[in-house]
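The structure's right below; bear with me while I get my questions together.
A, B, C and D label the chains in the order they appear, each numbered from 1.
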Amino acid sequence: MKILVQTEAFDLGAEVDAMRAGRTDIGAIASFVGLARDMNEGSGVAAMTLEHYPGMTEKALAKLVDDANARWTLQDVTVIHRVGRLLPGDPIVLVAVASRHRGEAFAACEYIMDFLKTQAPFWKKEETPEGERWVEARESDDAAAARWNA
Amino acid sequence: MKILVQTEAFDLGAEVDAMRAGRTDIGAIASFVGLARDMNEGSGVAAMTLEHYPGMTEKALAKLVDDANARWTLQDVTVIHRVGRLLPGDPIVLVAVASRHRGEAFAACEYIMDFLKTQAPFWKKEETPEGERWVEARESDDAAAARWNA
Amino acid sequence: MKLRVLYFARLRERFGVGEESLECDGGTVADLLVQLRARGGAWAEELAAGRTFRVAVDQSIVPPDAPLADGAEVAIFPPVTGG
Amino acid sequence: MKLRVLYFARLRERFGVGEESLECDGGTVADLLVQLRARGGAWAEELAAGRTFRVAVDQSIVPPDAPLADGAEVAIFPPVTGG
């Protein structure tokens, strides 16, 4: 398990290669990269700044990974989330999950993303033509997390 | 859209970087890598050889991607499947899907994998201590594909 | 009519042939299968009713009652196992 | 009891403070919120009943009736928007 909160960019290929290095028992690696977009809620976004709660962030991410491990049989999980100022097109978050079987890798990867969105203490502030604004939480993200309890 | 059937290895990082190069409108890239395992059905697997039906393979993969595009709003899709002899730990298949929103990227990526498993004309032959054997199709793969019609 | 018939994977090995051209009198996939089973041996065994295999005509999977046209490319193969 | 209280994102900006140490007489999160609202202005407005915010005690999100212990780290922040 690898959990990082960092300002630097990450390298998806290198992270996935690190998961599988020296192993021949992994059947599936599902991964996700979330990127900063140039538009949100109908406004152009020139840049965004990600703030977080140091200490709690790492705890919250570790708990999500523990929950995923309890729910599925996983072989390795990597979560990297960037903070600081990011430009449109910049990668924000990486989640990669290795498992013997693809169904578990896909489910766990999406589960971790859904709960990261609603549980991990990050906040985005966007720079738009109308000024700076804090991004509001989305009901669709709450709904995405809630469906795992169904 | 990029669809390749090749003997050479692929580079997940390079493929995902190519999808997002010069773009600032992508919010999510879900990707999947399937790997050759050292065990299957209780036997050690020293190597496998992937055979395919040239011509039909590319058509079948293009149809899966078209079906996914009809079902979700996607920005780009890459599918690469290797053929020939592979060793445990070698990557076999890559599917990467770019979309504005993560739910669509995840769903389309898993959809393409599920139907690739049941619709694309590839066959695996494994080298085991008991000799060579053709891999049998799995009912769990049919079930995974069938749930998309529910 | 004249058909190009391809076999893949385990069926290719069992039949000892990957591709052949043949004359088929019937007009459907089912007619072609009757003709191939009449060869006996592995053909009768592997293509028997109840055995699981797939048939593609011109590179699309079809049901047994699918029609055949002169010059069609027919492929017969086991359920796929890629990915 | 003595508490370390942290504010993040929009609430940090509205309150003009990111962190403070304070004495709290009550024993629950709800008591602390009453005390903070009594400061008036942005405090009364942002922490009013019906406004949506989250409270974490020692880095875990808790409900309003959660107990507080001396020396606890309490954080108050808007719903999260990472990922």
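In this text, contacts are C-beta pairs under 8 Å (C-beta built on N, C-alpha and C of every residue); 3 or more make two chains touch, one makes a residue touch a chain.
Since we're looking at a predicted model, the values are computed, not measured.
Note on connectivity: the fewest chain-to-chain touch steps from chain B to chain D number 2.
Centre-to-centre separation of chain A and chain D, using mean CA positions: 26 Å.
Between the Cα centres of chain A and chain C there is a gap of 48 Å.
The distance from the centre of chain A to the centre of chain B, each centre being the mean of the chain's C-alpha atoms, comes to 23 Å. The distance from the centre of chain C to the centre of chain D, each centre being the mean of the chain's C-alpha atoms, comes to 72 Å. With touch defined as above, residues shared between interfaces to two or more other chains in chain A number as follows: 34, 102, 113. Within chain C, the positions touching two or more other chains are listed as 83. Applying the touch definition to every pair of chains gives A-B, A-D, B-C.
Residues of chain A touching chain D in their complex: 34, 50-53, 55-56, 59-60, 81, 92-93, 113, 116-125, 134-138.
If you check the complex, the residues on chain A that touch chain B are 11-14, 16, 20, 23-39, 87-89, 100, 102-103, 105-106, 109-110, 113, 144.
Across the interface of their complex, chain A is touched by residues 6, 8-10, 52, 56, 59-61, 75, 77-83 of chain D.
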